[in-house]
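Labels run A, B, C, D, E and F following the written order; every chain starts at residue 1.
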Amino acid sequence: MRVVVSIGGSVLAPDLDAERVEGHAAVVETLADEGCEIGAVVGGGGVARDYIETARDLGANEVQLDQIGIDVTRINARLLIAALGPRVDPKVAHDYEDAGDAIRRGDVSVMGGVMPGQTTDAVAAALAEYVGADLLVYATSVDGVYSADPGTDADAEKYDRLTGSELVDVIAPMSRDAGASAPVDLLAAKLIERAGMRTIVLDGTDPQRIEDAVLRGEHDGTDVVP
Amino acid sequence: MRVVVSIGGSVLAPDLDAERVEGHAAVVETLADEGCEIGAVVGGGGVARDYIETARDLGANEVQLDQIGIDVTRINARLLIAALGPRVDPKVAHDYEDAGDAIRRGDVSVMGGVMPGQTTDAVAAALAEYVGADLLVYATSVDGVYSADPGTDADAEKYDRLTGSELVDVIAPMSRDAGASAPVDLLAAKLIERAGMRTIVLDGTDPQRIEDAVLRGEHDGTDVVP
Amino acid sequence: MRVVVSIGGSVLAPDLDAERVEGHAAVVETLADEGCEIGAVVGGGGVARDYIETARDLGANEVQLDQIGIDVTRINARLLIAALGPRVDPKVAHDYEDAGDAIRRGDVSVMGGVMPGQTTDAVAAALAEYVGADLLVYATSVDGVYSADPGTDADAEKYDRLTGSELVDVIAPMSRDAGASAPVDLLAAKLIERAGMRTIVLDGTDPQRIEDAVLRGEHDGTDVVP
Amino acid sequence: MRVVVSIGGSVLAPDLDAERVEGHAAVVETLADEGCEIGAVVGGGGVARDYIETARDLGANEVQLDQIGIDVTRINARLLIAALGPRVDPKVAHDYEDAGDAIRRGDVSVMGGVMPGQTTDAVAAALAEYVGADLLVYATSVDGVYSADPGTDADAEKYDRLTGSELVDVIAPMSRDAGASAPVDLLAAKLIERAGMRTIVLDGTDPQRIEDAVLRGEHDGTDVVP
Amino acid sequence: MRVVVSIGGSVLAPDLDAERVEGHAAVVETLADEGCEIGAVVGGGGVARDYIETARDLGANEVQLDQIGIDVTRINARLLIAALGPRVDPKVAHDYEDAGDAIRRGDVSVMGGVMPGQTTDAVAAALAEYVGADLLVYATSVDGVYSADPGTDADAEKYDRLTGSELVDVIAPMSRDAGASAPVDLLAAKLIERAGMRTIVLDGTDPQRIEDAVLRGEHDGTDVVP
Amino acid sequence: MRVVVSIGGSVLAPDLDAERVEGHAAVVETLADEGCEIGAVVGGGGVARDYIETARDLGANEVQLDQIGIDVTRINARLLIAALGPRVDPKVAHDYEDAGDAIRRGDVSVMGGVMPGQTTDAVAAALAEYVGADLLVYATSVDGVYSADPGTDADAEKYDRLTGSELVDVIAPMSRDAGASAPVDLLAAKLIERAGMRTIVLDGTDPQRIEDAVLRGEHDGTDVVP
């Protein structure tokens, strides 16, 4: 089974904590032990947010901010690589071909961001499509896809199951408003829809939930089905 | 005045025709002679479409298709470079920093696509933002932004003027449907909105219209204003 | 058995046709199934010719024309890669070391052109030499090496068998005249002579002939023997 | 006058603060306005320390830790670049040739770390040597070179003036003990000695002191003279 | 006037001698002072020959031997760069675009070899074509183009003047025999013919002769005229 | 057993001699046959010394000299690669990640120098640390670590056994004096100390001694123990 796991920055590195990274590495290793081929895409987290805020105050434009964010995601990728054993490709993959080649050879591949204008959500979806993943998991700080922002709307309802097309319909209006935080961004949603990719969005703060979802299909998040 | 011109593939290279490329090069040179600093981003056109169709028949995934499309845009960029005089950077820029550095040094810089998942529309918007362009021009095969696809909907109305936010509102539902062809894609529209970038969408099949729009502010397309 | 197959542009992509590419991919896969280690070098074909003609009209110099031709060969290489299964290196090799390394690891490696001033004929010969190939096959649009251009000279006779040194003697005067089209170019012929490389030049429009030549030694082309 | 300024991480980014970076950028701009050619080398600071600590807990080896530290210095370099005006090379230089080339063309060049095993202290000394700098300034968190660690040894005396050779003699025993923090590291000191480079070590927490030292030769730090 | 000077390895570095390199650098500087735009391409010389011989004894294939030769030419290029003042591009150019870009910006650009299968003779001709040079000078260890090898054939006659086409006719049979050493190789001759490039082949052991030929048109070598 | 072997330039290539390189390659192959995972780091030798001397006469700065030295070490690495069989990574590794990745995949990896300011001694120590080597062997032209330079000081005594910390104490004063030649440089010694790396310094002029030391623990050099 080929799996791409997107570990959001707010999940892997809200602040820097070796134990948290270790927990995610342990799950990746378990999945690999169980025979999964794995690509992991990690986000930026608190350090990215701090750097971007500082750079914005300094007059950086959005492309420069994105580049700083990407740099931080790649350092976070180095942390995950350090925590993984010898079966991980020791280089942070900078494009889909390198990641795909590593996975094809049996290594775990770890990516961060790729280019300004794309979130790591979209990178994960593109990688999943490129390697023909059987499953794409978004480990985020919310526990699924909601009809509205559950943090601000008491009537927000979680979806247990959506088609890719429904996912785009739900995400599109959320992503219209800069303040709102959809669990995956619109470009990612569209890639998922286009590829008909089986996807799970779940709360990844406890990495064990990723393992349960991948190996046993058990999770409390949202299933996106073709 | 700093200008980024996006020359769509359907405008620059619906088929391969030296005269058409020469016409666009002549306009870029005129703009440069008039003191403009210029970044040009070119699309893929007919060759890209043919290659992508062939590759899809061969089972290529979407990332592979995007990469092929990017390769073609870069060959088209070589054509434009060949047609431009010594003031163009002879290398096709592959990222915003290289393009921005060339423009900063007084060269015209030509880009094609950059990474899978982004159209050259979005590349042009990101480049415009990165270099702090005063104006972004989309030379497309339609003559502005319409309320609907003018090719299929007789009631489609062209907008003379939109805010960036209105542009996104118009583009978003169009981009929902894979068949529809918005004049600029949603990611580009969002970048324009975010940066408050002055933008013109016009029919670029006659390159003279680009010159009129940039140098004299005259055009029949759509003005997007901050 | 280690084999380098040069698939000329006029054979792989006179125009873009998925079936034709698929046919060549199928032969490469059969060869690999039969235990061959394979490097494939593909040419430019009709798209390259169109682009080069257009660029020449735009005033491009010969180095720029070569670069455009190389870019097209690399897109053609992407087509072949898309058509091949998981055993192909997903990256188009840009130098002999990368190609050789992929072959050494058991992958099929696909190259296009490498640098201005060298045809893909010469690239194939250099790759064959670099990897110590047992056999080099040129799949061209003519069915062997002739004493003169069979298209214009009714007395042209096909050679069944030549030494490398004889091959150079035959090719040298042909390559003198820009209009003539030798089945392999002079630099390639010299590399073949220098390396004492067993080589077959055959009509590759039907890819089956490549398979017959490699696996069973049966072909109607020209054998070049050390 | 050609100047290389090493801005230590503890000076530029003990924590992330736009104002502090802005202050250093302002000084660099003033120096450039006054006709200086400038290379700036920035350190890692608090974020680097946090990341390295986390990675060490995860079992990263020293080379991996160095690489993470280098990545952070390069993000800090992006901050300084964002704060500087159009006269800065927008790319973080990754080697001496790129930095030297930018300086030669009249740009300010900003570097971070280069390779595992070298501090940014040593990078600054090597860059100064490479570009033939007239002056090398270390803006550190201590106000000069002391006979011992002033933080732990009450008898530590600050040197007003040292030769390069004396500098090495002072630094060598300090650098022996991993705990001690020499104001510049031993490799840097040796490069300074070897090149006979005029160097100033000063407290750079107030960036104005760098300006005073470079433009007016006034400072309370340590002068290293050939 | 735009000039490309090919300084053969046997001329620049038969053995390593700073004075000889200095002499060539002085001529390049004089030419630049007189307003020439200059690209220099340097050969391998004695060190290349020694390395290649050693590598051949170790079983290296021809591509590997070429790569070693290219590496040595690039070190020789570093020597020439070190001897030139600040107007030289400090990076050894590895492709024609980089060299051309440096020349376009007013720098002297220095190249060595580029890719296996091409001599620096051919690189110089390709560079000259790429930058549209007014003159290409081959500074070799013989004093022109002869009808036969003057070292072995007492009847060999030097040509004062040849067309590009005649040059190819003279060189072709010489290059047939591996032992013979044509003053420029066949690929270079063909590029000269194709581009109609004005070319001088002269004895460059005394670099003054290059200066005389370029600035005053005086030389005892062979003129190749369109 | 994972081993990094540093083969000094004075050992591998005091002058160019295929037999000497072959001897070292044979030992590397024997070690690999016996199950060792091997990284080899080679020095510059006589050619490097000649080039550096010439470049110094031409006014090259120290960074330029280092770069020339690095280039020569990489050519020497190509020699060793040519002499090794198919199990060597055919690319000279330019950073620790590439070398480590090759070793992890079961290839022998060969490096030369990496960056100005670091000797190949230090590269070998960093590589050993990066790959978690069980043993680091310095094959030098002296037969161990002495209390003083045995060439100039009759009282110099060879150490049979040192801790890493003692090694640094011995090397530090030697490296102070530019003329002295410590068997390994100070940066390397510090890396050895820091990593607690088991290290042997021995006379490698007869490569058999490397084999004896690695496979049988027998040698007349100096053991550095954690």
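The rule we apply is simple: a contact is a pair of C-beta atoms (placed from the backbone, for glycine too) under 8 Å apart; a residue touches a chain by one contact, two chains touch by 3 or more.
On a predicted model such as this, the values are computed, not experimentally measured, just so you know.
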Required minimum of steps from chain C to chain F, each step between chains that touch: 1
Shortest contact path, chain C to chain D, counted in steps: 2
Most remote chain, CA-based centroid, reference being chain A: E
Same or different contact residues where chain F meets its copy chain D, judged by the half mark: same
Chain B and chain C: spacing of chain centres that average the CA atoms, whole Å: 37
Where chain B and chain E are represented by their mean Cα positions, the distance between them in whole Å: 43
Whole-Å gap between the CA centroids of chain C and chain E: 30
Chain D, residues touching no fewer than two other chains: 64
Chain pairs in mutual contact under the definition given at the outset: A-B, A-C, A-D, A-F, B-C, B-D, B-E, C-E, C-F, D-E, D-F, E-F
Touching residues (chain side chain E, partner chain D) in the complex: 86, 89-91
Residues of chain B that touch chain A when the two form their complex: 61-64, 95-96, 114-118, 122, 126, 129-130, 132, 168-169, 172, 176, 178, 186-187, 191, 194-195
Contact footprint of chain A on chain D as seen in their complex: 16-18, 21-22, 25, 47, 50-51, 53-55, 57-60, 64, 67-68, 71-72, 74-75, 78-79, 81-83
Complex contact set, residues of chain D against chain E: 97, 100-101, 104
